[in-house]
Amino acid sequence: MIQAGIIGATGYAGSELVRLLQAHPEVNIHTITSQSYAGKPYGEVFENYRHEAFICEEENLAEMAEACDVIFLALPHGVASKKVTPEILAKTKIVDLGADFRLKDINVYREWYQAEHDAVNLLDEAVYGLCEINRAGTAGKRLVANPGCYTTCSILSLYPLVKEKMIDLDSIVIDAKSGVSGAGRGANMGVHFCETDGSIKAYKVASHRHTPEIEEQLSYAADASVVLSFTPHLIPMNRGILATCYARLLDNYTYEDIRAAYMKYYADEYFIRLTKKGVFPETKWVKGSNFVDIGFAVDERTKRVVITGALDNLVKGAAGQAVQNMNIIFGLDETAGLTMTPMFPA
Amino acid sequence: MIQAGIIGATGYAGSELVRLLQAHPEVNIHTITSQSYAGKPYGEVFENYRHEAFICEEENLAEMAEACDVIFLALPHGVASKKVTPEILAKTKIVDLGADFRLKDINVYREWYQAEHDAVNLLDEAVYGLCEINRAGTAGKRLVANPGCYTTCSILSLYPLVKEKMIDLDSIVIDAKSGVSGAGRGANMGVHFCETDGSIKAYKVASHRHTPEIEEQLSYAADASVVLSFTPHLIPMNRGILATCYARLLDNYTYEDIRAAYMKYYADEYFIRLTKKGVFPETKWVKGSNFVDIGFAVDERTKRVVITGALDNLVKGAAGQAVQNMNIIFGLDETAGLTMTPMFPA
Amino acid sequence: MIQAGIIGATGYAGSELVRLLQAHPEVNIHTITSQSYAGKPYGEVFENYRHEAFICEEENLAEMAEACDVIFLALPHGVASKKVTPEILAKTKIVDLGADFRLKDINVYREWYQAEHDAVNLLDEAVYGLCEINRAGTAGKRLVANPGCYTTCSILSLYPLVKEKMIDLDSIVIDAKSGVSGAGRGANMGVHFCETDGSIKAYKVASHRHTPEIEEQLSYAADASVVLSFTPHLIPMNRGILATCYARLLDNYTYEDIRAAYMKYYADEYFIRLTKKGVFPETKWVKGSNFVDIGFAVDERTKRVVITGALDNLVKGAAGQAVQNMNIIFGLDETAGLTMTPMFPA
Amino acid sequence: MIQAGIIGATGYAGSELVRLLQAHPEVNIHTITSQSYAGKPYGEVFENYRHEAFICEEENLAEMAEACDVIFLALPHGVASKKVTPEILAKTKIVDLGADFRLKDINVYREWYQAEHDAVNLLDEAVYGLCEINRAGTAGKRLVANPGCYTTCSILSLYPLVKEKMIDLDSIVIDAKSGVSGAGRGANMGVHFCETDGSIKAYKVASHRHTPEIEEQLSYAADASVVLSFTPHLIPMNRGILATCYARLLDNYTYEDIRAAYMKYYADEYFIRLTKKGVFPETKWVKGSNFVDIGFAVDERTKRVVITGALDNLVKGAAGQAVQNMNIIFGLDETAGLTMTPMFPA
C-alpha cells in the first residue's frame, strides 16, 4: 500500500482527496493535516466522515516525508513553494494542488502573482501534471504541479485543435463557468448563499491567474505563442466547470475533420468522453467523477468552432487529477480508484 | 386609463405583464386570456394573484380590439402572425412579445424558423421595439415587435461600440447565460428540477434563433453586415440573463474611450446603468426590474474589449420592455410603472 | 410626507425597508445609516440601488429624532434597548425590528437571552406590533416592537384556533422552515453556498429565541399558559418561511368549523389569504409581498389540525410589517406602500 | 458473481441501482430494462453512463428470472403485484422498490391506494426489508418489499423509543422534508425548476401513502396500534430527506436515557450514525451514501423529545437499501458495495 499524506485536508479539494484516497485500492491515508482544525476529529469538520477515525494533525512535513510515499499539498498559493525542498523531495513524492509550480516562466509568475517565488530552483524539475497530455513526463517524477480546474478544462478542450494547427491562435476566447466550491471553503460575503443563489456574474475579467497557465501549455502545444481571452463566471451550483471555447478555423474544416483531431489524441483516453454530434456536455453528467466531457459544433456562418468542455472542478479539476498523477508516478493503472460513475442527480 | 388586454397570460412573460400592468398608474387590465386555463380564476393558476379577481378568458381578438387600447401578445412563435391583421390594427395597438415581427428580412426568417410567414405584409409596419435605440420610430405606431430577451441584452451591450465603429465586426462572440424561466412554462424533462439544478450546459450552439435578430439590428447600427457567434447557456436560477461579449478593438482604445462611447448613447437612459470600473454586472442586482446593467474591461493583452450585460429576462427581456413600448406608443413617461427597485435577495 | 430614518440599513431587513419605503407614496427616506459602510454610497453596497443617490451615514440618533417622524431600527438584539430612551421617544416614533422590546416578561427575556435588559422601563409602553391582532393598541404609539419572522408566521397560523379554544394548548408543535436570508447578512460558514445549497437541517432545536415570543402572544390569546415545541429549519432558498403547525382538536371539528374560525378573525384582513380547501401555501406565492397565506387540513384519524402558514421573512416577517406598523401609527391606510403582488418566479 | 436484473432502470431509483450495482464487488448487471427507452443505449438516457455499454432492453420477466439471481423492480405502484408470481419466485429473488408488498394489512392497502391488490397471496411471504430492524427475516427470502424513503427515515428515527415504550404513541408527529428526486423522473409542472426552486410547500397533508407504512411497522415495534401525523414537504434540492419527529416522553427521561435506547438498538449498525449531543443531522452529510444520521434533543419544557433523521432518498431510501437487502438475502457482508463516503459538497 502507498502511504499518503494530505496537507490542507479541510478545504474542499483536500476533503475530496480524502474521499478518493479512502476508496483507492492501493492507498492508505497515513496522515491528514489542517492548520485551522489541528487536533479535531476530521468527522467533526466534515460530518460526512463521522464514521471514520481520522484526526486532523499539525503539519510536520519532515516527519511526513519519512512516513509517506506521497504527500498531497492543498494549500493557498505561495505556501507550497516555501515548504517543498530538495530534502523533502529526496524522501517522498509531492503532488501540489496549488499554483506555485505550474508556471515555468518565472517572469510570468511574478507578473500575474505579483510576488517573488520561493523555490525557483525546483521549477525545472516540477512536471505540469495534465495527465492526458503529459503523462510520459510524470512517471517516476518527484514533484508534480497539479493543474488548475479552469486550466484542465480549457486546455483539454482546445489541445487537439491547437496541436493540429487547425485554429487561429489569435482568435481563442474561453468563456468559463464554475460552481461555488471553486471559490474555496472560506467565509466571505462573495459565497454567502443569498449573494450567490439565483445569480450569475463574471469576475476577474481579463485578469484571472489561470490565464497564463492555459496560455503557457497551449503555446507548448502550438509551438508558438498563444495569447487568449479567458473569462471566469460564478454559477449558483456547488460543483462543476463548463468552458465554452471559441476559435476561428484556419480552413473549411467539417465536423468530421474536427472530430478526427479529437479522436487522434483522445480515442484511448478513459477520462475523456466525446459527446455525440449535436449533444453538448452538461456538468451534471460528470459530477463526482474524473471524466471530462467534450462536445463541439462547427459554425459555417462564422467559420468558428465552438467547443464546450465539462468537468468536476474538485475531481478532474483538483483531487481526481492529483490521484491520477499519483497513479502515474507510481506506475499504477492510471484509473485506479477513479472509475466511479458520476452521481446523478446530485 | 389605458385599457389593456393580455393574450397568453399564463406563461411566465404573460404573468409578468399582469404584475407590471397591475401596478401601472395609467393602465387598467381589461382582459386576460389563456388557452389552457380559460374559465379559471387567474389566482388559481398563479396563486400569487390569489387576492385578485382576474379570470382567464377565451381569446376573442376582434372583441378585444374594440375594447382595448393596447393588446399584448405572449404567444409561441408563428401564432401572432396568424392573428394580427390590418383590421385589428385599425382598432388597437399591438405589442407582440413573440418573434414573428422582429426580423425584417423574410428570407432570414424562413431560414431560421423553417416556416413561411403569415403576415409578410405587416413586416414593414412593425417596429423593432428596442426602446433605447428605436424609440423615435415607435411613438404612435400600431404594431411593435418586442425584442427577445437574449437580443435585448446582447444588442444593448454592444450597440455603442458597433455604432462608433470601434470593434472588428468579424470578431464578435456573445456567450449568453439565462435562467430557466426563459425556457417557458411548459412541463418537459429539460426543465425538471433534478435535470437543471446544480448543472450548466450550452444549448442550440451556433443555431439559436436570437442570432439573426442580434445580427440584423447590429448590422443596422454598423451600416454593414454583422455575422457573429452566439451561444446560449442554461443556468440553475429562475430569472436573469448575463451576456458576455467579446470583440477585437480596432484601435488602442482605453477604458475611458470605451466608456465615452457608452456615455454618448446611454448617459440619459434611465434603464441602462453602467457599472463602475472594475465592477461587473450580476443578475441579482436587476432582478424584478427593467434595468440593464453593463460593465466592461479593456484587455490590452488581447486587444479585446469584454463587455458583460445583465437584465431580468422577464422584465427588460420581455414584459417590462413591452410596457416601456406601450408607454412610448401612448406618449406616457417612458418609465411609468417601471421604476421599481430590483428585489434582493430574491 | 413622513420623514423616515433607517438605522442598520445594510442588513437584509434594512435593505428591504429601503425598497419598501422608497416606493411608499407617503414617505420620504430622510436618512439611512450603517455602521459598517458609513460614508459609502448605498448603491455600492447593494448595487440594485445603483441608480439611487443614497449615502450610508454615521448614526446620530438624537439628530435623526429631530429630523425624522419615524425611525426604523434594524439592529442585532441588545442594541436597540441601549439606544431608545424617553428623550428619543419624545421626538420621534420608533419601530424596532429587533427583539429587545418584544417580550413583556423580563424574566423570560433574561432566561432566553441570557442578558440583562437596558430599557426595562420602556417594556410597558412598547407595543407588540403584530398588526392583525394588535393594531388597536398600536395606533398613535411611540414604540413598536416589530415581531420576529418565525413568530409572525406561527402566531397568525394558530391565533384563531387558540383564541376560539378549539385546540389543546399542550399539543402544539410548530415545525418551521426558513430561507437563508433569515440568518442575516454576515459572512460565516453556516451560510456559505456550498454548506447550504442542496441540504436541509434543523437548528437550535428546543432552544430558539422566537419560542417564548410565540408562547407569550398565544398565551394572551388563550388567556392561559401556552408551552409549545418550536423547531426551525434552514432551507436552501433566499426568502420565505413556512410554518407547519400541529395541534390536537378539542372536539370533532370539521374543516368548515375550522375555516369559520379563521374567517371570524381574518375575513377582512387584506394581508391574510386563506387558501382553498386542499390547497396549501407555498412560499413562492408570497415572495416579495406582505401576504401571509394560510391553509389547513383536519385529520380525522389523529384528531389533529395541521396548519401551514407562509410568508416572506423579509417583508411580512420584517420590513413589510414594520411599514404596516408605521401606517397604523400615523393613521394611514394600512396597506399603503404594501400592495405589491408577489413576484413569481423569483 | 450474482447476476442482477433491473426493471425500470430509467427512473431515478433505477439509475441509482445501476450506479451502486456497477460498483458492487460481487454483482454483475445482467439486464436493465426500460419501457420508455427500450433499445436505446443507457448512456444516452443518462449521459453520466456515456462510457458504459449498457442498452435498455424490453422487459421479459420470465427470461430474466431464468438468467438472473436477483431482479430489482423500480416501478410505479400497482405494477409489481401484476408481474410477480410464485413461478417467478421459484426461479429468482425479487427486491421490489415499489409499494405493492409493503403493507401486510390488505384493508389498509385498499383504503390508502383505493385499488385492489393483484397478488394478495404473496403478501405473507413478502418481507418488509427495513434491514436494521428486520434483517433476520430477510436472509434467504425470495421476495423483499423495499421500504419507502420517508418510511425508512421515519421508522429508524423513532424505532428505539417506540420499542422501549418511552414515548406516548398518541403524540407522534413526523414533519418530513424531501428533495425533488423523490417526486420521480417525469415531466410535470410540479417539478419544473421555476415552480420548485426558491420555495417550500407541504403536500398531501394528512393523506400521504407512506403514513400507513410507518404506522404498521411502528405498531409491530410497539405491540400496540400507532396512529400518527405525517406531513411531507418538497424542498428545492435534488436529494435527501430530513424527518423531524416529535413525541411526548412517558417519563422524565434525560438525554442520556434516550441515547442509551438508541445505542441499544443501533450501536453496531454500520449505516446508522448518531450525532453528538447538540449536533443535528444535515442531509448534505449523507448524500450519495447509505447512511442514516440521527440526532435528538430532550425538551424539558414540553416533555417532548425531538428527533431528526437524515438520509439520501435514492440510496438508503431506495437503491442502497435494496442492495443492502440483496446482500442480506445472499448472505454477503451487508455493507458490500455500500461503503462509499457521502460526497460533499454535491
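Some observations on this one:
Chains: A, B, C and D, in written order; residue numbering restarts at 1 for each.
Basically, a contact is a pair of C-beta atoms (placed from the backbone, for glycine too) under 8 Å apart; a residue touches a chain by one contact, two chains touch by 3 or more.
Keep in mind that what you see is a predicted model, and the values were worked out from it rather than measured.
Identification of common neighbours of chain C and chain D yields A, B. Looking at B-C and B-D side by side, the one with more C-beta contacts is B-C. Separating the CA-averaged centres of chain B and chain C is a span of 36 Å.
Note: centroid distance chain B to chain D, computed from Cα atoms, is 46 Å. Shared contact sites, meaning residues of chain B that touch two or more other chains, fall at 12, 181, 194, 197-198, 236-239, 282, 284, 287, 345-346.
By the touch rule above, chain A contacts chain B in their complex via residues 171, 173, 175, 177, 179, 194-195, 197-203, 205-207, 227-229, 231, 233, 235-240, 242, 244, 246, 280-284, 287, 297-299, 301-302, 304, 306, 308, 310, 345-346. If you check the complex, the residues on chain D that touch chain A are 12, 15, 18-19, 22-23, 44, 46-52, 181, 197-198, 238-239, 270, 273, 275-276, 279, 282, 284-289, 291, 293, 340-346.
Within the complex formed with chain C, the chain A residues making contact are 12, 180-181, 185, 187-189, 191-194, 196-198, 236-238, 346.
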